[in-house]
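Input: a single structure, listed below in structure tokens.
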């Protein structure tokens, strides 16, 4: 016989101001199976928890219903209290009479009745709860870092320095990310590559870090502590173990007219190339699409000139399977291209560029060697217009959010321009100047006051070309919203920072959620900013939302800390609220018919085919088997199973049925 | 006679709508007390038999709610649920089960206000329709008689 | 007919199969499912327009399960059942030889699954005009009348489960109605128990029913329960472009989804 | 040839100041075997700023027309006037997304508007029913340099109309290229012509329309092509104000796209109403049509 | 009681039905609706289908309905309050125009429900049931009553048996006290008659085997492969048992709604796999052949041994209802010659 204890919390006055708690307790005491019922001011307080503990011992309770706040709030608290009293923690349920009752309804009989009903439903549920043991799983103490930008580099180094193994996967031929493309960084104007390159080298040299560049995550299976990851190592057509990075091949390659990705199309590169001089690793790759040999079957000049005999035209993509315990997603962001803006000509005007292109133009190692030369004719622009919020904070463009870094880099760009073109004029169209950050406001102010950037508060409605000039039409909202028309030589759009194009696909591989802008979602915006909803998978850097360098680095160190905590344990405990398949004696073995219509619906590939064999090894029956390590407990298979052969602990058919059935008595 | 107060059962997923309803509470947005919430891990878990069961147990209206498409904590549970509901609604309609009494919705963890609106509008709609007598008679009164 | 017998006889004589599932003359002027294991028994085999039983059902019964290999006289309904069963991991292609027969009664010879799929696609759909008319009639009724129509239509139901027993897709070892604690479907054949039973069955067949109408044929009290499945099959084909019994590798509509499934009722 | 029957809402402008628009739409339709059936007993669409003052009225006026069209069994409704088109489409959108308002409006107009009608502007009408027939019927190539002017109402608000790219629409250009024209890229495709001030503040019209006409002329266009009676009025009739603003006289004529098609089809200029224009339409020397013109189909829906 | 011989005009049946109804009795008779003939409540003779060979279902539901409340209960905090069925509310029923095999079916059924412990609900229903049967003028290929100790004009089980002896007249045999009570109440409708030889007026049904031979053969056939062979095409539904007048197996189901509940009795069939399923998953009658064997053994071996009644009246309903044409007579004949 069930012996259920009911504990009604007043939550100070949060509940009792609206719900008649003593009455609820009194009524609950008369529910069949309830042997103890009490109300108290703060159930979650120490004395409150002690009441639960004592009542369990004294009244030999077989189940507990705490009627208080949302289970999302205090379920762990009361489950711990139960465990302390020797009751299996999963024999505790919470009836939510605060968020779902006292806070949302008026005081009165109807609200009291609702509280009573909710308690009754949970009493009927808890009567059918099963005692469950939490699941223990081992931890593989290797971390996977996806993405080798500044966030990935920081995370990898911190984890490696804590003594754990790290596998880093980078999509491009070199690590470094967007930061390696930047000219100078705000607010100090120190050279981006000067501060990043040593860290890149450190990654390559750290014995705890295994680096895969020109590689992508192919698939991820498993769960916290025990992920199996397949990595596709794309064929570089160069044997990394042999190549000594002399670079002769890249100078001899006859096909040198390929738009350079690193220079955002503003420079050219050969078909066999190292993305930039400081690349790590300093190993070239052959761009198979543009390589003359791959296209025509003739050439092989690189092979001929290579002293180390490192060229491998027959190299194929390689799939590497690794076991890791935690994953850090550091895949960074992208910027909208100028063709996103119909009002600015859909990208058809050569002299409208985006911020990242400007970084390359301003960079001493860039295509113009740091000189200001506009793309169309190489002339030095005398009038330049910077447009902040190009796309950002614009619901009509589908990008409601602030890209956060543009105010700062636009100020930086204006300053860099003025430093290089002393007689030039720089205009900045802006909505607001968001310069919150250490020394940030001082920085933008310097741009305006010392370098004389002309800031115009207003938006640019359109840009068109007329007689070789870019006519920038905007409004100056501080001047009676008057129309401003500037005949510019070049325009830089601070285009919105957006998610990486592969983000959605990666999220689906990793089963982590992402927001409507395809940025990865953190588990809690305030309290779990670097965790995802999937245990063991973490986020750092701009893959979560636009972030500047210090923020990305801070988050990366945060992730490294989280992963180090995880790796401090040899074993993990997991909530045992998972699905299972009915088993029974032979000759049935199970009511499962082996139709496997449950298999496709499982998001975690947790449903396997189990062969039931006789002693001679002959197959008798094939049944569904749910791998407890993989199941995350969504229960979709339960609802799909026609013969009700699958059930899920915590939300069993019986629990849910009687919870609903308990409605009738009100 | 006092006004008819419908019994409404809400089947919601833990990650979006349950959390959304928590937010309604935290935001102190008031709504009708006629609703009883049953928590599931995911809309994918919600068995259609539970819906008829709820009517049989005396419910006059049902709300089924979970994460918006693409928002599912388990990536796809709500997509399977959506199909299941499409088919279930079809058969219910065909068999004369009053689907005006079943409200399906997507309410995210951030949509506390929407949750209150869904409950209130359902409550009003069911009040207009009155108690679900034909089903209750068949499933309860006739059997217990 | 002679061709069927010839194929069957050869299969048995050449030991290609141990068992042939077909038909023989039954009592009065009926025909009945029959099982043949020796070539000489094939003289008893018949096939005519009355051989409409969906004998794919027997593939999941002991007699066929025990046989290492077998052949089955298969009209398009049986072929579709076989394909659907195969897609649900219930029968293996290597074990079964399909002697295909069109709805007009023309023997199309032995079919492997590939050919069976082709055959299934070329044959007309099972739904009869009178069933379609009944569906439309019911859909045109006002809500309450529709409800009462079904309550009345199910009231003669005695829960003999002939519908389930004769349905090739109802192969569950333990049917949902036999699942107790909780007892999802009331076992008793009262009006409520009948309504829930037939609704549950229609839902379980949704996307899987091949519309052979065997449930209706088997029902001793003639309940038009096949139209529940017909109606859903139609809907599922329209809505999800999914049709059972056409492919041996197939996932029924409720075990898949697309992110753009269109509905108009979710708020 | 099977006769296609489409619903037609001329609206007030096309019966008055923009008769030539009506005439040219009718002329090309007739030539290509399309019957345009006017909505019986149609009323004004209410296209003024009235929707800011009385929302119910501004929805009810178009709704009545739409309901009448539905009653007449029409499936598509061609609405050449961009202002009427905007009001109709907005009404359909609002009523289909606001059930309370929908019921209210039904009550006001005493009819049930179901929302089944497809509302087509003149370009959609051309795209769907005309363009495929051009190759077989075209007599002359429209071998002129033209500037297609869309104005505001045809493509805005994009959320409701979901027609063409808001900032850089292309559909008219595609049609004109199909006729053999050199359709130029210019800066004022969707700039406001000042229609709201057409009567009350013509100086503003002079400035706004002036920039439009000047840019088209500056870039060497031989004609402006429009699809809105308001635009046409301003660009054609307000030429004195325009010239005053620009400080020079510009002779670039303004044609409705339907007139341009009509010319290509070899329809008499007077039937197309060209004689009614204030700026004389001198265009001639059209080349006889020789071969099918392939136009690259641009992606013309806005992607966000 | 000795049989009283009477005549009743066909034209009087109308008055009989009407007067039975007005006296507060419920009259059930074969009625054809939507092409299906089954027992239904009638108020006038016009509703009755006299021509059908047999109803789809037997008349057993008049005493053993497909679902029947046995008791109701209410759960309280620590107790269950049980409410018994009020037996006095059970109505008086007339089973009219059924066949002799329908009537005969009540005999083995009664034996099942009353032989060791007495089922009060069943007994009360049967006590309150009067059976007025009509001899069979026609039979079909499925009829085999003569092989199981019955006949088309068999009186056993009936309270009154009517045999059509002319276009206008039925010969009425008043067999039991219950029959006599009806005769006494409506004496004006009956006329005296001598004993009539019914043979010329009823269908002729050949005897195919005897129950004794079956009973004898079964003693050696438990392990025979004949069951496998016969049950091969059985689909395992319950149609045969549910239409059978003599099948009395039932299932007990509690249906609870919150704190209130009822205990129902509903038909069950030994043909179902779950019939003998143990909680453990073990099933002593795992195969359909074993269940088929059980059906035959129960009717032709266990029942005669324990209750001195054969569990089959030869009505042929099971064969007609079977979706896979399991013909019981054919199978019994095969057993008889085994």
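In order of appearance the chains are A, B, C, D and E, and numbering begins at 1 in each one.
One rule holds in what follows: contacts are C-beta pairs under 8 Å (C-beta built on N, C-alpha and C of every residue); 3 or more make two chains touch, one makes a residue touch a chain.
A quick note: this is a predicted structure, and the numbers were derived from the prediction, not measured.
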{"item": "Chain pair, A-B or C-E, that carries the greater number of C-beta contacts", "value": "A-B"}
{"item": "Centroid comparison with chain D (C-alpha atoms), farthest chain", "value": "E"}
{"item": "Central chain (distance from its CA mean to the mean of all protein CA atoms)", "value": "B"}
{"item": "Centre distance in Å when chain C and chain D are each reduced to the mean of their C-alpha atoms", "value": "58"}
{"item": "CA centroid of chain B to CA centroid of chain E, Å", "value": "47"}
{"item": "Centroid spacing, where centroids are CA-atom means, of chain B and chain C in whole angstrom", "value": "34"}
{"item": "For chain B, residues that touch 2 or more chains besides their own", "value": "48, 53, 56-58, 76, 80, 84, 140, 143"}
{"item": "Multi-chain contact sites of chain E, meaning residues that touch two or more partners", "value": "255, 257-258"}
{"item": "Which pairs of chains touch, using the document's own definition", "value": "A-B, A-C, A-D, A-E, B-C, B-E, C-E"}
{"item": "Partner chain B, residues of chain C touching it in the complex", "value": "135, 138-139, 141, 143-151, 184-186, 188, 190-192, 195-196, 199-200, 202-203, 206-207, 228, 231-232, 235-236, 239-240, 253-259, 261, 263, 265-267"}
{"item": "Complex contact set, residues of chain B against chain C", "value": "48-49, 52-53, 56, 69-70, 76, 79-80, 82-92, 94-99, 103-106, 118, 134, 138-139, 142-143"}
{"item": "Residues on chain B engaged by chain A in the complex (per definition of touch)", "value": "5, 7, 9, 14-15, 18-19, 21-26, 28-42, 44-48, 50, 53-54, 57-59, 71-77, 80-81, 84, 116, 140"}
{"item": "Footprint of chain E on chain C - complex, ascending", "value": "26-28, 30-35, 53, 57-58, 61-63, 156, 158-162, 164-166, 173-174, 178, 183, 186-190, 193, 214, 217-218, 220-222"}
{"item": "Chain E residues within the chain B interface of the complex", "value": "72, 255, 257-258, 260-262"}
